[in-house]
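Next up: the structures, one after another.
One chain, chain A, links the two complexes that follow: it is found with chain B in the first and with chain C in the second.
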Partner chain A sequence: MMTVEAPAPDRLHEPPTQRRRMRRIPPWLLPLLPVLLLIAGLLIWPMVQALVESVSVDGQWSTSAYEQVLGDAVFQQALRYTLVFTAATIALELLLGFGAASLLDGMRARTRKLLTAALMLPYLIAPVAAGLIWRLMLDYSIGTINWGLGLVGIEAVNWLGSASPAFWATVLSEVWRSTPFVLIILLAGMAAMPTDVLEAARVDGASRAQVFAFIKLPLLRPAIAVALLFQTIFKLRLFELPFILTGGGPGNSTTPLGLLVHQYYFRYANTATASVVSVVLLVLGAVIAFAYIRWVYREVDA
Partner chain B sequence: MAAPVSVQGRNLPSWTRGAPRAAAVVALLAWSLFPILWIVLTSLKTRLEILADEPVFWFTPTLDAYRRTLFSPGAGVLSDLLNSVGITMASTVATILVAGLAAYSLARFAFRGKGPVLTFILASRLLPPISAVIPLFLLFSTFGLIDTHAALILVYTALNAPFAAWLLKSFFEGVPKELEEAAELDGCSALGAFFRVTMRLAAPGIVATGIITGNMAWNEFLFAFMFTSVDATTLPLALAELKGGEQIAWQDLGARATLLMLPALTVGLWSQKYLVSGLTAGSLK
Partner chain C sequence: MRQRRFIAMMAAAALTMLSACSLDGGSDDPGSVEQDADAPLTLLTHPTIYGALGGDEFIAEFEEATGISVDVTTADIGPHLDKLIADYQAGSGTYDLVALQNIDYMPRVTDGLLPLDDFISGAPQVWDWDDFLASTREFAAVDGTQYGVPVRLGTQVLYYRTDLLSAAGIEPPATFEEYVSAATALDTAEVNGAVQRGVPRELANDWLGFLYSAGGTILDDEGQCALDGDAGLAATDMLVALVENEALPTDFLAWGRDDYISSMQQGNAAMGVYFSPYWGLMANPEESTVADSLGYALAPVVEGVAPGTSRAQTWNLSITEASTNQEGAWEFIQRVTSVENSLRSATEFSNGPVRTSTYTEPSYVESNPVAGLWLESGEVAQVDPPIGELPEIIDIIATQVTSALDGSATSVDALTAACQQVDRVLG
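So, the complex of A and B:
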C-alpha cells in the first residue's frame, strides 16, 4: 500500500503536463532542427524537384526531355568537356601538389609555414577573379604569357580563340586556383607520418625510392583519396571560370554542364531540359559523394 | 693533401642539391603570386601602359581606375561592394549560429538516427548546388525574393551550413566532455557550461569555420548571378560586366578584381593558421 501511494503527493506538486512534454522532446532534437530544415528546404527539396521537372512535360510523365538533351550535340560536348577537364585538372593538381608538398615537407617549420601562406593565396581568390586574371595573362596581344613565349622564340598562341588552347587555358587557370587545397591536404598527410617507421626502414637498408614507394605512398593514400574526391566534387561546380575566361567557347568547346543549365533555362526558357542537365550533374555528384561517405565510415570503423 | 679535396667534394654535392630546391621554390612562388601581382599592377596603370607592345613593369601608379569604379555615377560597384559586405557578414553569422547548434547536438548527444542525420548533412555538402538552382529560382520568384539580399543570405547559409556543422562538430568533440561536467558540478547549467567552457576552448575552430564560410560567401558567383539583377548584385558580378567588345578596359576590371581579392587575401593571410586547420579538419575527419 505504501509503495503505491508514495509518489502521489509528489505528482501533485509538479505541473504534470510540462514534465511530460519535456520528456517527449529529446534535448538533441531542437538544436538540430534549423540546419535540417534549411538543408531540406533549400538544397534537397529543390534537387528532388529538379528530378520531378526533368520527367514531366506539361504535367505529364515523359522522358522526352531526356531524349532531347542526350541527343543534343551541345550537351554531349559539355559532358565530354566536363569529364576531360576534371581528369586533366585533377591529374595536374595531384602532380603539382605532391611535388610542392614534398618540397615543403623537408623544410624547417618556420620556412614551411611562410611558404605555405604564400602558395595558398590563389585558393582564397574567387574563381571569377581567377578567370579574369588568366584572361589578362593569356591575352593574344597584351598577355604576359605570349610575351614570355616570344622571349624564348615561340610564336604567340591564340589561347582563347581556338579550341584546344582554350581548353588548356581553362585547365591552367583552374589548376592555378585550386592546387593549394591539394598541397594543404598532402602536407597534413606528410606531417602525420610516423618518423620512426621511416627511420627503421632506412636503418634496415631501404633505398630512398623504396621508402617512397613502399612506405610513404601507402601511408599517404587516405590524404590522396580525400584530395581526389573533394577536387572531383568541386570540378562539377565549374561555372564562372570558363564563363569569364572563354565565354564557354570558341563555339561551345569549353562550356561545362553547369553553364549549360543556365543556357537551357535562361536562353531557351526550357525548364525540363535544364532540369535534365541538373539531374545528370546530381547523379555524377551522388556517385562521388557515395564513395566519399563510404570512405569516411570505413575510417571511423577502423 | 687528400683532406681538402674530400671536403670540397662533400661541399659541392650539398650545394648542388640545394640549388634545384631553391629554383623550384622560386618557380612555385612566381607561379602562385605573379598573376595576382600582375592584375593589381594593371589596375594602377593607364590605358596606354596596358596596351604597350611589351609589358610595363615600371610606371607611375594612378588610382584613376578606382576613382572611376567606385565613385563615378552609374558604375554601381560601390553598392555591389556594400551588398557583398552585408550579405557575407549576415550569412556567415547565421551559418555559425545554425551550424553551431547542430554541431553541439551531434557532438554531445548519442541518439538513434544519428548516423542517417550525419549522412544527410555530409551528402548535402557534397552534392552540386547547381542542381538546386532552377527550382530555387522558381520558389524565390513565388515569394518575391528574387533580387533581394534575403535570398542570397538564405542560400549562402544553406550552402555553407552542412560544411560548417561538420567542421564545428569535430572541433567541439576535441573539447573533453569532462570539462563541461566539471563546470556543471560548479553550478553551471548544461547550456551555460557549453557556452562558457566548450565554446571558449573551441574558439579557434569557430574562427576557422567563420573564415572559410565567409570566404565562400564573398566569392560566390552562380547564385548571385542567377538570383539578382539590380538591387542585390554583389561584387563578383562586377567582374563579369564590361566583357566582350573589342576594347576591354583592363584597368577598370583590374580595379574590380583587386577590390574583390584584397579583403579575401588579407583575412586569409591574417588567419592562415586557422584556415589550414579548418581545411584539413574539414576533409580528413
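So, the complex of A and C:
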C-alpha cells in the first residue's frame, strides 16, 4: 500500500485564508498589548464584575435585584430625572454652544482666542465648587438670582426647596458649567471646515441660511455627534452637582441614577442593587452611543 | 473612513468612562493582624467630634506621652461610613480608630470592629467604666458585646429667643400644640417663627426626634413598621401645620445643619428643636448676634409622653480588627475618655458629656446652661435601632414626609406609603 507523507508545515503552503489572518495582526499591536491588558483589567473586569454582582444574590444566580430595583419607585423617579435632565441640559448646551461657537467663529483670531479662554472658565471649575457657587446664587433669601428677579419685578423663586424649580436649578447650573465643552468641540469643527466648499456655495449664490442648513450643519455632524456622545455619558454619570446643590431633594426629586448607585452601595451596602443601577447606566450609555454613531455613519455613507 | 474610526474611538473612550460607575464588591477578611506597639495610629472621625475631644491639642499630648504618632482623617456624617466600608472592602486596614454614631453599629460595620469587653474589664479602676451613663454604654453595644466607648452624648432640646418670647408673653412651648402656636405667633417678615432642616436625610433625622417626642418608635414589638401610628401622624401633622401657617423658612426643604445654625446665630429664627451639643455654636458670642438672648428648654412632646423625650445620639470610639496597634488604640481611647479629659472637652470644647462625674462637676454645671436639661433628656431619650436597614428607612421617611410637607400627599397617605416601603425593605 502506498502512503503519502503529509508535507511539513510551511507558511507558503498554508491555506490562503489562514495566511491572511496571520497578516491581519498588525505589528504595531504587539507593544500595545500590555496597555490593552491593563485596560481590560481595570475597566473591562469591573464591568463584568458589576454584571455578575447584579445577577447574584447570596452566591446564587438570581434576577431578584433587577426585580427589586426596577419596581422601586425611587429608581423610577431617578431614571426619569436622569433622562429628562440629560435631554434638557444637552438641548440647551447644544443651542448655546452652537450660538456661541458661530459668533466666535466669525471673529478675528485674537479676539476669538481671548473670548474662548474666558468662556472656558466655568468648565475648569470642579463640579463640587460649581454646586456651592450655584447654591449660594440660588438661595431663596440672599441669592443673587432672586435679587436679580426682584429688580425686574419677578417674585422670588424657591429654587432649591421645591421640586420643579429644584430640577431647573440643577439644569441651569449644569448648563452653565458644561456648555464650554460643547462650544470648544463645535468651534474646532467649524475651524476644520473646508473653506473652498463654503466659498463655492457662496459663488453659486447660496444664501446664509442655505449655507448654514445645507453645508455647515452636515459638515458639523461628526463634531455634534462627539459633543452629544460625551455630554450624554457625562450627564448619565451625574453625581456631584445635585449632591451639593439639592442633596437629591426635595424628597428624591433631583436624585440621579449616579447618586442612587452611591446610595445603594454605601448607605445600604447592597452590592447587587447598586450593580443593577450601574448596568442600567451602562446599557443606557451604550444604546445612546450606538444610536449617535449610526446616525453619523448613515450621513457619512450617504 | 477616518471619520468613522475617529467617532468609533470616541465612543469606545466614552463608554469606558461609564465603566467607572461599575463596581467591584470584593471583600477580604483581614483575619488576625500582626501587632506592633509602636505603629502609628490613624483615626477616622467627624471634624466636630475631633474638635470636641480636644483636637490637635489632645493629639499632641497623646503623642508626647506615648510616643505613638496619630494621623487624623476627618469626614462628614455619611462619608465617614463610606470611607470605613470602602476600607473594609479594600482590606487595606487604613484606620485603627474610628468615631461612630450609635446607629452605625449595624452588622456590616461591627463585622470589622474589635470587641472591647476584654479591654474594658482589664482597664484600671481610675478610668472607671461605671462612671459612663448607662444609656450611653448600651447604645454602643450589640447583643451584649461592647463595640465602642462613648465620647459624646447629644439629645434634642428647644432653643429659643428669650427676648422675642418674653416680648410676646409666650412661655417656652412644652407640647407640640404650644410649639406650633408659638411659632405661628412669633413669625414675622424678619424672623421665622421656627427653623427646621429639610434636606432629605436631615429632615428624616429631625422627624425621628419628633416621632420619639410623640411616644413613637420606628418598629413595633413584632419588628414591623410603626411609623404610621398615632405618634408618626402627630409628628408629621405638627410639621405640616408649621408649613401651612408659614412659620418655617420658605425654602427650608433645602436647609441643612449649617443653614439651621447660622439662622439661629443671626437671629433669623425665634426657636427650633435641635441637638444639645450645638448650644456652644448657637451661643458663641463671636459668631452669634443673639448669644445673650438664647434660652433653652426641654424639647416639646405630645401630652402624656415624659417631658423632654427626644432622640439621643451618641458618638463612640471603636477599634478596627485590622488595626496593627490595637493596644495603642485602646490607650488612645482610655486617655481621650478619661475623667479629666472628659471634663476638659465638656468645659473647653462644648462636648456633650457621657460621664456622670462631668454632669455633677460644679464648674461644668456653672459653665453650661443646658447641662441640667441635657442630663434630664438623656435619661428618657430614645435611640434608633441599629439595624442594617436603617439608612433605607431614613431615606423612605425623608421622601414620604417631604411629600406630606410639599402638599403632594396627606400625612396619612405619606406614612402609609412609608410603612409599605419599610415593610418591603424589612422583608
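Just so it is clear, the second predicted complex is superposed on the first by the 252 of 302 C-alpha atoms of A that agree within 3 Å, B and C clash if a C-alpha of one lies under 4 Å from a C-alpha of the other, contacts with A are read in each partner's own complex, and residues count from 1 in each chain.
Just so we're on the same page, a contact is a pair of C-beta atoms (placed from the backbone, for glycine too) under 8 Å apart; a residue touches a chain by one contact, two chains touch by 3 or more.
Please read these numbers as outputs of a predicted model, since none were measured by experiment.
Between chain B and chain C, positioned on chain A by superposition, is the outcome a clash or a fit?
With chain A as the common anchor, chain B and chain C collide in the superposed model.
Let me test your reading of the model: by the given contact rule, A:124 touches which partner, first (chain B), second (chain C), both or neither?
Touch status of A:124: first partner only.
In the superposed arrangement, which partner chain does A:82 touch: chain B (first), chain C (second), both, or neither?
Neither: A:82 stays clear of chain B and chain C.
Could you say whether A:137 touches chain B, chain C, both of them, or neither, answering first, second, both or neither?
Touch partner of A:137: chain B, not chain C.
In the superposed arrangement, which partner chain does A:282 touch: chain B (first), chain C (second), both, or neither?
both
Pick one for A:170: touches chain B only (first), chain C only (second), both, or neither.
neither
Could you look at A:226 and tell me whether it touches chain B, chain C, both or neither (first, second, both, neither)?
both
In the overlaid three-chain picture, which partner chain does A:269 touch, first (chain B) or second (chain C), both, or neither?
Only chain C is touched by A:269; chain B is not.
Where does A:178 make contact in the superposed view: on chain B (first), on chain C (second), on both, or on neither?
Touch status of A:178: no partner.
Comparing chain C with chain B, which touches more residues belonging to chain A?
B
For A:39 in the superposed arrangement: first (chain B), second (chain C), both or neither?
Both chain B and chain C are touched by A:39.
If the shared chain A is used to align the two complexes, which stretch of chain C, 9-17, 63-71 or 171-179, clashes with chain B?
Between chain C and chain B, the clashing stretch is 9-17.
Is there a shared patch on chain A that both chain B and chain C touch, and which residues make it up?
Looking at chain A, the two contact sets intersect at 39, 43-47, 49-50, 53, 222, 226, 230, 233, 236-237, 247, 258, 261-262, 265-266, 271, 274-275, 278, 281-282, 285-286, 289, 292-293, 296.
Residue numbers of chain A touching chain C in their complex, please.
By the definition above, chain A touches chain C via 39, 43-47, 49-50, 53, 73-74, 139-141, 156, 158-163, 166, 222, 225-226, 229-230, 233, 236-237, 246-252, 258, 261-263, 265-269, 271, 274-275, 278, 281-282, 285-286, 289-290, 292-293, 296-297, 300.
Please name which positions on chain B make contact with chain A in the complex.
Residue list for chain B touching chain A: 21, 24-25, 28-29, 31-33, 35-36, 38-39, 42, 50-52, 54-55, 98-99, 101-102, 104-106, 108-109, 111, 117, 119-124, 126-137, 139, 154-155, 157-159, 161-162, 165, 215, 218-219, 221-222, 225-226, 236, 239-240, 243-244, 250, 253-254, 257, 260-261, 264-265, 268-269, 272, 275-276, 279-280, 283-284.
Taking the touch rule as given, give the residues of chain C at its contact with chain A in the complex, in rising order.
So the residues of chain C in touch with chain A come to 3-4, 6-8, 10-11, 14-26, 78, 81-82, 85-86, 108, 198-201, 249-256, 388-389, 391-392, 395, 398-399, 402-403, 406, 421.
Please give the residue numbers of chain A that touch chain B in the complex, ascending.
Chain A residues touching chain B: 26-32, 34-36, 38-39, 41-47, 49-50, 53, 99-100, 103, 113, 115-122, 124-129, 132-134, 136-137, 142, 144, 147, 176, 180-181, 184-185, 188-189, 222-223, 226-227, 230, 233, 236-237, 239-240, 243-244, 247, 258, 261-262, 265-266, 271, 274-275, 278-279, 281-282, 284-286, 288-289, 292-293, 296.
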